[in-house]
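I have placed the structure first, in the form of structure tokens, so that the comments after it can refer back to it.
Should a chain be cited, it is by its letter among A, B, C and D, assigned in written order, with residues numbered from 1 in that chain.
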Amino acid sequence: MRFGVLQFPGSCDEIDALHAARRVGDAELLWHGTQDLKGVAAVVVPGGFSYGDYLRAGAIARFAPVMEAVISFAREGGLVLGICNGFQVLCEAHLLPGALLPNANRRFTSRQVQLEVVQGDTDFTRACPASLSIPAKHSWGRYYADEATLDELEASGQVLLRYAPTENFNGSLRDIAGVRNAAGNVFGLMPHPEHAVDPLTGSTDGLCIFESMRLAMEGAHA
Amino acid sequence: MPDVLPTVEDALALGLTQAEYELVCEKQGRAPNQVELAMYSLLWSEHCAYKHSKKLLRTLPTEGRYVVMGPGENAGAVDVGDGLVCAFKVESHNHPSAVEPFQGAATGVGGILRDIFAIGARPIAVLDSLRFGEADSERSRYLLDGAVAGIGHYGNSIGVPTVGGEVYFEGPYEQNCLVNAMALGLAPRERLVRSAAAGPGNVLVLFGASTGRDGIGGASVLASAELDEGDEKRPTVQVGDPFEEKKLLECSLQLLDHGLLVALQDLGAAGLTSSAAEMASKGEVGIDIDIARVPLREPDLEPFEVMVSESQERMLCVVAPEWVDAVLALCEKWEVNGTAIGSVTDSGRLRVFAGDELVGDMPVRALVDDCPLYDLAPAAPEAPVYPAPTRVLAEGASLRETLPALLASANLASRRPLFEQYDSIVQSRTVRRPEQADAAVLQIDPSPAADSPGEAPAARPALAVSIDCNGRRVAADPYRGTIEAVLECAANLACVGAEPLGTTNNLNFANPEKPHVAWQLSEAVRGLGEACRALEAPIVGGNVSLYNEGASGPIYPTPVIGMVGRLPDAARAGRLGFAAEGDTIALVGPFAPSLAASELAKLRGEALPERLGDIDIDAVRCAQFAVRGAMRAGALSSAHDIAEGGLAVALAECCLAGGLGAQVRLDAGDDPFATLFGEGPGGFLISGTANGVSSLGRRTFVRIIGSVVKDSLSIALDGEDLLWSLSELSTAHQALAALFP
Amino acid sequence: MRARVLIRPKAGILDPQGEAVARALPALGFTGARNVHIGRLVELDVEDPAQLDSMCEKLLANPLIEDYEVQLLDPGA
Amino acid sequence: MRARVLIRPKAGILDPQGEAVARALPALGFTGARNVHIGRLVELDVEDPAQLDSMCEKLLANPLIEDYEVQLLDPGA
């Protein structure tokens, strides 16, 4: 039951994600230049600035050798979690619908946000309570998809997390903080659950996402 | 190489004096050529040679039980236990930030981070210290916006949290803003590396970004005439690339982990010139550099330009010949350009080649050690140096009106609109974020082993850090004002339960050749040394930035103090906010509030006083000791030091941070305004259970003044009852949001 | 051959940068500016201009949120 | 009148964005791209095109590190 956490040269939160995953299971880093996922049962695409992200967040990272492997892994049903920059990368790689745009407030913003768990019966949220307090920190976090796509995402239960009223500082459409793909095995969110796993450094509300993934991995192997 | 040698006029234009130029000729045994003159002019500049400050700096205490590396290296370092050291330093990027605030501040952060990993430490935190003109000035707002965005851009992108800082708005900084950045890093003790080159025959490897005309500024007078013709003045703004630096950082640390380096040095001010010369000087060796091998970003750089370019994100290392391939291979892994550009020699000379041609040849000693040092001619000013500020608080404002006015003033309002632009939590060490406590607290191990069930959780050692300086108080009294700045840093550490390990400082002053500035500088350094000695918090490094003045006069003297401390258990790190209804509130320490040089005096448009009140450093230290001890023992719910705005502002801050109110009774004293809003060192506001609070009693002054209540702040002052709702205070406190539309 | 790519936010997508500029202009005394939009400009030398469209689709622009326009610049210019 | 402003990093100034794209292109199979530079594109309606230069100097561009070029677009276009 191992998590693999991708490491790009400009990743920043990969060690945090590694340690968060280790609270519920085994985890190791996967270098961006490799195509070998080393048999992990779930992949985490972490936060940071993968390749500097100067052009558009996530635009260059999606072409990394490791992403080719992640794309096949996801197509075969493997669990993939994208956090912040990882979410952007997964959207750019078309593993998730929509795109992320610069924050409506035009600034990098770092803030503890209150989230509502919209779907509690998924591989990423099964262990979560109804609401979570988790930090968000980004400058490109405005979730966008066209109206038809948004309707469909909502109708098919693909919106897993929403910003609670007044918490949506980045201007995400329909307050979307996290979405999954239609198959249900790929999930991206802008807030950072890996930074909410220890009471000493904040809340522990993020742990439930890793815990949900662990349950899913065990279920898949049972 | 041009046949014509530069003239004495060129030397003067480059900032050397006539006498210095003659000394250069004497050391060279001839007139220097273009490359040599460019290099001398930079290494003999105030910035590199500390001509006006070195003698003073020698008076500072630099040794102590925790010091592992003192001044002289890229950063200082202190022992933090478990085989680890903490490296830290503060540095200024004032001038570049005044020219282009975003890039200036961003590259300031980049520069201080390189100093940290140049000694082998992984950067774990950044703090910023900013000064601008009054907040209603358009230029101040432009500079503030750019500087904050730039700091955030660099720190956020490279994955180092910005955990604290300070910003003040005062008229004397209008034409000369200050942008100082401090960084901390951690290293296993055995990974620490020095910058001294050694081993003739060893290879000099330059790695990182390619070299362009960045920051050539002053030296551009040397550019050959043909190139200048018709050319508009070349842009020399340095642009930061945090992604390049992130790779450089990881690459540098891996090179050290693999034991591949003899010495490591960052390229900062004066680029290759200063890095190579410093490395050679510290190792008492010579260095040959072939500039033809330096990777260039644009063609046609002249030899002197390559030597003085301040292109960012570059490092220089010394490698034994047999390890060069391994070094270059690691550079390749991190997609960092690495090139062997020279070698260590036993000649004691710095020789610059362009291919086969020798284009510069200088004794290392002359370059680094022989710049003349100057004595200051200090004299206290006879007339006030700084004009009184404009009055902004209505005449006759009541006690009740004054508190929200202070909370809304630019120097006191919440810094949230700034620090929300910084990632303060990446790396998972941040136990206290901005506005949670007086000092930032970082646990040393971000992923401690899980506690075994049934056993008490293991203690998690942590670092605490604070950066501080109230320039107005230093202007009023450089000696006592500087002592106060050091005491305030230590007080901030005490509030979270931390004991000081070491201190860094950035001396931002105006032109030291002016007697009153020389006086400010020497008085400040005297205070700095005295306070650091008393607190046993020695100086392990720092920076000096002089000539900060504009047409309308000098900046406030601003010796920015950064202090790092340690606490045994992050689980007991103090908070500043009131935590529980019913808790007892006490005023602790030898606090003697006065309105002299206070924030209220500023709002009232009062000129600076002639001096500050006397300070009993020992009594202050006892209070800090008591607060620290009680916090470590888990006896307190909160602790906050009383600073700008005095007791009433401190009370309001504790209320707002905790989302609770307070009910307090005080003696009005001679002047109720001084009682509520007077400032001075040594005061703490603590809360806790009655038992917890009384545990401090024997060691310092403790006055119980009230208790924590639900949702308003009330102060009974003899006959007068004052009441504010939390929402009124909170609205006032958020005033800075208006600066970031 | 020198080429220029103009990349603009798709119509209908909120453009906070453009709006901020539109808000800031009057304060500086510039009146009458409207419909301000901010995008990206990419300029590069290419050997094979036929590749430009696919470069845009794959990397330079995100067709979901951005439109692009390729201009080939006169080599003599 | 519709106007377009092209804002580019000044020659000689480091352009990390352009370098990042130049490095990424070959990996995607696009060879031969050189001198890649990334700037900003501002498009707006103005009443008085004579104001554009001063708008650029004051707000749209950062003249210290950027050059700008104003294009007036044919109103019929």
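Just a few scattered comments:
As a convention for this text, contacts are C-beta pairs under 8 Å (C-beta built on N, C-alpha and C of every residue); 3 or more make two chains touch, one makes a residue touch a chain.
Since we're looking at a predicted model, the values are computed, not measured.
With steps allowed only between chains in touch, the distance from subunit B over to subunit C comes to 2. Measuring from the averaged C-alpha position of subunit C to that of subunit D gives a distance of 8 Å. Mean C-alpha position of subunit A lies 29 Å from that of subunit C. Subunit B has its Cα centroid 35 Å from the Cα centroid of subunit A. In subunit D, 16, 20-21, 24, 28, 38 are the positions where the chain touches two or more neighbouring chains simultaneously.
Taken residue by residue, subunit A touches two or more other chains at 51-52, 54-55, 60, 63, whereas all remaining positions touch fewer. Subunit B has residues 241, 243-244, 335 in contact with two or more other chains.
By the definition given earlier, chain contacts exist for A-B, A-C, A-D, B-D, C-D. Against subunit C, the residues of subunit A that register as touching in their complex are 55-56, 59-60, 63, 92, 98-99, 101-106, 142, 144-145, 171. Taken in their complex, subunit D has these residues touching subunit B: 9-16, 19-20, 23, 62, 64-65. Subunit B contributes residues 149, 152-153, 156-159, 241-244, 246-247, 250, 334-335, 419-431, 443, 446-447, 450, 460, 570-571, 740 to its touches with subunit A in the complex. Those residues of subunit A lying in contact with subunit B across their complex are 9-13, 15-16, 19, 22-23, 47-49, 51-54, 107-111, 135, 137, 139, 192, 194-195, 198, 200-202. Listing the residues of subunit A that touch subunit D in their complex gives 51-52, 54-55, 60, 63.
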